[in-house]
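Each of the next two complexes has subunit A plus one other chain: subunit B in the first, subunit C in the second.
For the complex of A and B:
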């Protein structure tokens, strides 16, 4: 086939006059077009994942039930799930906010580790200070450290047009060496049996809420932050500009948006949020900085960021769903011996099917 | 002409949706012939050649090559039949050498890759010497200037055995010396029996190199002429529209449909010089995307309430001029002052707040946020303004209300202010862009091809809006490839040719033929109009 019809400018620059008029779907139809693909993708991904588990010789029903329900069975499960949700949602913002401006931040784990280091440095050095001073200082230090780390990539991008994907990925590797040095040389905890720093001061710990399964208050902090981000992206001029740049960079530039500066700002903000993830895990979960605490939050953040498709409202919800699966993975391994990685397979399937659903939806819509 | 022409295209029809891009066009090109294909933008020149090269599939019509029916469904078929095409933008691998670029996609002979490459290199050297296409076969393409890269494209076609070579506006970014060299090579090629089709809008070049020329207009062939039986004046007249009878009775043109004659008359009694200067442009130099200083030492003054129209064929600096006047493209030198404010080095956003509004030519690329609603699109550019915000935050409720008003006022056909701009038709997108421009309460309004592709109703609407803005004191620059439009709307008409002003007339003294001659690069001015 060779009919390469340019969609808008048409032959020699004279555009086709009549285009199909905008159809008039009601709000409900619009929502249905958005929600149905999500639901269908999730259901189909679980079906395929279950098939795979069955083929591997395990009981798929038991395994999937463990994945889906263990977060909700016990209050301990819920608290653990929320503790996982915090770094996942923050790493997802670290990816999604720069993405809104069209830039790919693949450095959330480096930014998280730097944030953890920054937080731990303050928490250890000033361990005698009271909580009112030390806790905010610890968290702010984490944000700044993450922002500075991403700031290197932002500077390289804006000044020298260095591709941000490359720089953020490479900075991850630098961060591994850096925290290794901090955990083994600067503030090593000899008794930990694993490269880790000494504990931060009590004043640097996030207050716990509830008893027995106690939840750290960072969860509430991030919840408030999620609301703030959704509002800021919608109502502040800068948030609007970010979305505009992501939608059409040329049109934004023509209409006075300073696009390169915005791209740098997006990376720095994303880095700050990645850093906060590290500082909260130090102050709320581990009480110290330890190697490996970045887990697979980078990849989960990217998955969540892509699934949310630029919606800052959907992002925390999607992140919660992923946190449920991640917590359930451990239970699944205990209950039915299916390896935890199976859950990552399902998550990837959801994302792939969701991306595929765009094609299906467009076909269906144009066929109507 | 010989008994069987090298190429014969007969009654070719091509439609894009409701638009008839080619209306039963026929074209014959003989061997040993450089054939010029002339016409303004949207005349169908490139579309016709894309059909021949297999990029578009014609709805009907036949193509004969050397008297045999040719079925061309893809460029591959075209190349196999000896048809080659050099496009305006080159598809080359920057980091490969000239030889590697030329052989890319062909089957190398000679056993091994290096042997094949060596043999190919020898053939390239031989071809380039034979036709005077000077090029170093071992140079890496990214180090080469545009003129040489074009030679690489031509060699690519010759290497594949092209007997019919199509060149799409080949001289656009060439220096005069490069143009001379190119034409000498073309003559050398046709001498050996090749046929060359040269798509162009420059009359001088056509006359310099072509043996025959076919003029197209509005997707139809107007006339095929022999070089010997025509001259520049005649050719300009044919291009501008002599075939429609005398210019004044070109009945269905938008200018007349607009009913401009009566209304326009009152507007146009003001003479140039009656306007208080609103914008001053002094010796401005602007670089195009290919690194050429297309606009050089440009001076212009536009008065308050004055409409200045630039007529010209695309590629003569229109985009660069529009973007320089709106703060989108940086100036290499010179200065621009709007209402006493020097904006030469200012950010684009400062131009906007100084009252400069821009209606760009490429609506989709430069005009709208396709995934955002009409509300968002209308507020873009003024979203940092005080009126758009309440307590620092964007007041979306007020923005929606303003959008509803604009939808009514500009008759945008959409369900609600939330309708995505990308779902609107071309005419409605243009209305959104106009609504945004007028919402800025502009003091300088730049419009580039403001009515291209619009129906008569929308066109009339756009003209009314422009007039209204001018009456309220806004300085207006209309840049258009539609000569009728420029003449109908402007107080002052300027012909644009190769980035410079090739002539200027007050609206009362405009002779369309004269403008047509000037904007195609002819400087002779003959009083009395058509040849």
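For the complex of A and C:
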């Protein structure tokens, strides 16, 4: 039985945790009903992708092996994958947290770029300060800038009921122009050969861990944040209210939850996390704000957010899987000459098949 | 001024074609968000076919068919399988964006100088073409422009003055009531989405044809999302969309020409205009812009909930 508005297969759908009232089948059976279709979708998507690669005249086995294994072949690959994982997982939160309240934030790349600009602004202006002060200030500035940018969409939504999908998307394009101005007029680095700001001070750089292929400490920061978010969404009143609003807007309203304020708050929190992604990339990877640093993290964040099916626990894991694919895409293009866009097509296929698998599962379950 | 209008009109065609396609499916309640990707795919496919076959018209037609195919997938997954329209739309947006770049890379590869196709020839309407100011812009145009004008009129006539159009609109307003009167909801939604998405693809395919004749990745540059905004602002009405498209096209050209205008403000702030202006207009749009009551909602005839 699906409702008119959003069926159970919807984006904020039931978390893949066994519901307490489902006494009949055991927890294990329930997990199996979640995991098996999920794995089947992923495998089928890769099979179809491989078929497409073969039809295009490349060697599918070599190409897919490059996509799947190159992250694990070298420690350099692993570090690069983790560096990609950080913005992907943060952009996925930027999408998934507003989604928990039933709102779509398609503006993670704008929020990320604004966060990068905020972080770079602090890191450049106060470049002489010691690290204990400057590094936290850089990251906080990034969070605030991202939150502020999403705050515009939140304000338009709560005060003027402007559709948040459109406002967040349109703000992305405004942000592209804004950072172009910052990178070419405000703090331009003429020697960079590409629109970019001058480097931030040494105190604004995240400390590196390990030797040779060194990993920046932002990875650990985000790992801690991921645990915090999973706990907060599960066990705090605000987290409960957010999930309640997403599951049943009317029931929450009747029970006195301030739904529109909560939706606005979800967008602002999401924007803050998107901003943090930008600030960490400035402080950890690039050392400056540069054009194009948002890469395709918006799309990847949405894919991860949708693939996690509303589970904040599953989200970082799914994000790691996508980071592996994204790092492998580059290797695939080098090894077998398959264009990198192929990986985006496979990711979209996983998403579509995942949606379809819900239908198949429901049908099989009710047929038993 | 006349030169400015000559630049605006082709952009008007792009916005009009894509937005008419969007509102056609919107009136039956299917909220299409694949524009940004479908326009890119249309541009890529249209370009490649024109390049290989040497005919722009064939390119535009194949682009329409490819767009229609995406529309069919969207319609099937939302009407028959009742999957969330927005989520399916996003997934198709990703897939089509990837496919657009993939196809171009597969067929053309990486080249030093991008290949070009012929731009469209322009036809002059006698006498009217000599009018000052608007003559060049409105009456010396390629056939796609005249097609867009006729399409807009046909859409208006179809939706407002035919019984099939009334059926379409009733499906978007209240599918349950429409269903009870014997109107086939699935049928209406499928057709409108197939044709509508095809038109969106043609809008994308037209972008390289008036001036440059080359395809580049990212050439849609947010216009697909602006098209959705245009549909909202036009209240999902064909003739309002025609007027709105002129505004969007003017903003677009202003943004493109920002660097050579030299107005004393950094050109980036003028390039923001299309997006900022759209956001501002949307704040006030609430007063006039209404939308189909069941836009974005799937219909399940077995559901007991009353829409």
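Criterion: the second predicted complex is superposed on the first by the 345 of 368 C-alpha atoms of A that agree within 3 Å, B and C clash if a C-alpha of one lies under 4 Å from a C-alpha of the other, contacts with A are read in each partner's own complex, and residues count from 1 in each chain.
Note that a contact is a pair of C-beta atoms (placed from the backbone, for glycine too) under 8 Å apart; a residue touches a chain by one contact, two chains touch by 3 or more.
All of these numbers come straight from a predicted model, not from anything done at the bench.
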{"item": "Which superposed partner A:293 touches (first subunit B, second subunit C, both, neither)", "value": "neither"}
{"item": "Which superposed partner A:170 touches (first subunit B, second subunit C, both, neither)", "value": "second"}
{"item": "A:359 touches, of subunit B and subunit C: first, second, both or neither?", "value": "second"}
{"item": "Partner chain in contact with A:135 - subunit B first, subunit C second, else both or neither", "value": "neither"}
{"item": "Subunit B versus subunit C as contact partner of A:256, first or second or both or neither", "value": "first"}
{"item": "Which of subunit B and subunit C A:342 touches, first, second, both or neither", "value": "second"}
{"item": "Which superposed partner A:318 touches (first subunit B, second subunit C, both, neither)", "value": "neither"}
{"item": "Touching partner for A:113 - first (subunit B), second (subunit C), both, neither", "value": "neither"}
{"item": "Contacts of A:237 with subunit B and subunit C, given as first, second, both or neither", "value": "first"}
{"item": "Interface residues of subunit A shared between complexes with subunit B and subunit C", "value": "1-5, 9-11"}
{"item": "Residues on subunit A engaged by subunit B in the complex (per definition of touch)", "value": "1-5, 8-24, 234-237, 240-241, 243-244, 247-248, 250-258"}
{"item": "Residues of subunit A touching subunit C in the complex", "value": "1-7, 9-11, 56, 104, 156, 160-163, 165-167, 169-174, 177-178, 180-181, 184-185, 299, 302-303, 306, 339, 341-345, 347-349, 351-352, 355-356, 359"}
{"item": "Interface residues, subunit C side, partner subunit A - complex", "value": "33, 77, 81-84, 86-88, 90-92, 94-95, 97-99, 101-102, 105-106, 221-222, 225-226, 228-229, 232, 266, 268-269, 271-272, 274-276, 278-279, 282-283, 286, 297-300, 303, 305, 307"}
{"item": "Touch list for subunit B against partner subunit A, complex", "value": "14, 16-19, 21-22, 41-47, 50, 54-57, 73-75, 314, 326, 328, 347-352, 358, 360, 362-372, 376, 379-381, 383-384, 388-389, 392-394, 396, 413-415, 419-420, 423-427, 452-455"}
